[in-house]
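The following blocks contain the structures, represented as structure tokens.
Each of the two complexes below includes chain A, the first together with chain B, the second together with chain C.
== the complex of A and B ==
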């Protein structure tokens, strides 16, 4: 059994481990999951702000409307759709182990679905952003 | 830091980890559908720039659809918080091997879980325009 002895060893092993497509998926799933959990905390707190009333709630929304939040939200869209679709793939593998033979094909299929969902949401955001900005 | 090969095996005789593994799959599958709906609704139907107090308030206001939205939002809240905090617990167990730190962080995550469920469900149940 492999013994990982230090943080540096862990990082080196993670970066050089020849686990292929399953390993890369696992890293993205973990990173995305942690990122989503952080946003979830923020999101529950911002919805809670509604107790302060219309003026305060709409005022606090200016934080999300900062330009820097645009790419952050698009990154979030990718992170969430990745975690969701890759998660469904993992569930299929778990409950139907014979599908592991088609892991590579299913990862490819997952990326196609993720791509469509990200293009739909982010594309609409960009479209609205351009038309909205143009109306002022 | 203790090497991973020397970590104690999980205590046997408890079904908690098995249930946790199963729960991640059930809640994950449901959320994959619910959050896809949530995001397509907010980004395609509502539009990010239009989100404000009225969007949230109107949705929860009407007698029947309001209740349906609240049930949907409450379920999403419960699934997301429990699934998310359980995932953070997995990460803590994977990367933090010092027993005291692990206990501290897992306690903090448990408190955070209760706090988020409390403020989230408070809004869903109590909010009135």
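== the complex of A and C ==
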């Protein structure tokens, strides 16, 4: 049946429908939102570890500072920037409906801004990591 | 004439447990429509293929279907636009009756909800007609073009996720009357569209505008209704 009756159907339809940049932008916005939510949950758990003692808290911080977590931090940066910049674009569309005629240009513009922000922050993070690696 | 492969999602509830794909090879020109190929299959290859079509000229809206992953009218989509190999599915989010025919009732139910007819609390003037300036008419001109094909509503992920969402088509129909200077039913319609399954489920994805075979700026119309609800309640 074509009626969307399950999460699987919804995910398949979302992934296969050729809706253009608006559709892609919405998917990335949702993925960014999920990433931020996962980070917040992990962050709350991480802070809560102080209840179990300083050693446990420091142990978790030590784990989070391992190189394997860097791509996750970059993903978080992407999620935050995407959610913020794309959110502003949607607010502009909603308050000024005539801007929908420039939806494609505005999505592409938002992607350029997000790309610059992500490259800058990831670049700074890698630079700091290399420069101060010995001091951690 | 070139050979084209049409991969069609088939489903007959009386004998199939689940949908399956069937391929047909037809010869067609670049300028032939997808509907021409479907008609050829139905008339000369497999009469059991079931789909809706009526005017075949983009006016009645009965042959909306998902063609190569995008909602289109089969009578307006040419092979040179969609490619040689074509995948055809019924519209998403509505129950399939058979093959490419979906049950439009849930869609029509949403349409009826927004009171899609002229409401006036004043009698017509003595000279007969309720006159309107060109500027007043221009405000809702775009949304008068809707043919209720359901291409927009069934391209909307918010509708896929929640069938109770009123959908872009019903909002377009409401827009046509809300911004009509002669109509007095705007408050009732805005009240309906302001509820949990009304315009606020729109996530500004824009699939509806891309899918509309009439070129209606659907997302813009939805945005204008959102703004009207917001500012009418302030």
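FYI, the second predicted complex is superposed on the first by the 110 of 136 C-alpha atoms of A that agree within 3 Å, B and C clash if a C-alpha of one lies under 4 Å from a C-alpha of the other, contacts with A are read in each partner's own complex, and residues count from 1 in each chain.
To be clear about the criterion, contacts are C-beta pairs under 8 Å (C-beta built on N, C-alpha and C of every residue); 3 or more make two chains touch, one makes a residue touch a chain.
Just so it is clear, the model here is predicted, and its values are computed rather than measured.
Using the contact criterion defined above for the overlaid structures, shared-chain residue A:112 touches neither chain B nor chain C, since it reaches no partner. Within the superposed three-chain model, A:72 lies out of touch with both chain B and chain C [touch as defined at top]. With both structures placed on the common chain, the touch criterion links A:11 to neither chain B nor chain C. Look at A:103: by the touch rule set out above, it reaches chain C but stays clear of chain B.
Of the two partner chains, neither chain B nor chain C is touched by A:130. Counting the residues of chain A touched by each of chain B and chain C gives the higher count for B. Within the superposed three-chain model, A:63 lies out of touch with both chain B and chain C [touch as defined at top].
Judged by the touch definition given at the top, the superposed model places A:94 against both chain B and chain C. By the touch criterion stated above, A:26 is placed in contact with chain C alone, chain B being left untouched. Touched by chain B in one complex and by chain C in the other are residues 1-4, 94-95 of chain A. Listing the residues of chain C that touch chain A in their complex gives 9, 11, 18-19, 66, 68-70, 89-96, 102, 155, 157, 160-161, 163, 203-207, 209-210, 217, 219-221, 223-224, 226-227.
Considering their complex, residues 1, 3-6, 25, 28-29, 31-32, 35-36, 39-40, 43-44, 47-49, 51-54, 56-57, 77, 80-81, 84-85, 87-88, 91, 112, 116, 119-120, 122-123, 127 of chain B touch chain A. Residues 1-4, 9-10, 13-14, 16-23, 25-26, 90, 93-95, 97-98, 100-101, 103 of chain A are the ones that touch chain C when the two sit in their complex.
Chain A contributes residues 1-7, 30, 33-34, 36-37, 40-41, 44-45, 47-48, 50-51, 53-54, 57-58, 61, 64-65, 73, 77, 80-81, 84-85, 87-88, 91, 94-95, 117, 120-121, 124-125, 128-129, 132 to its touches with chain B in the complex.
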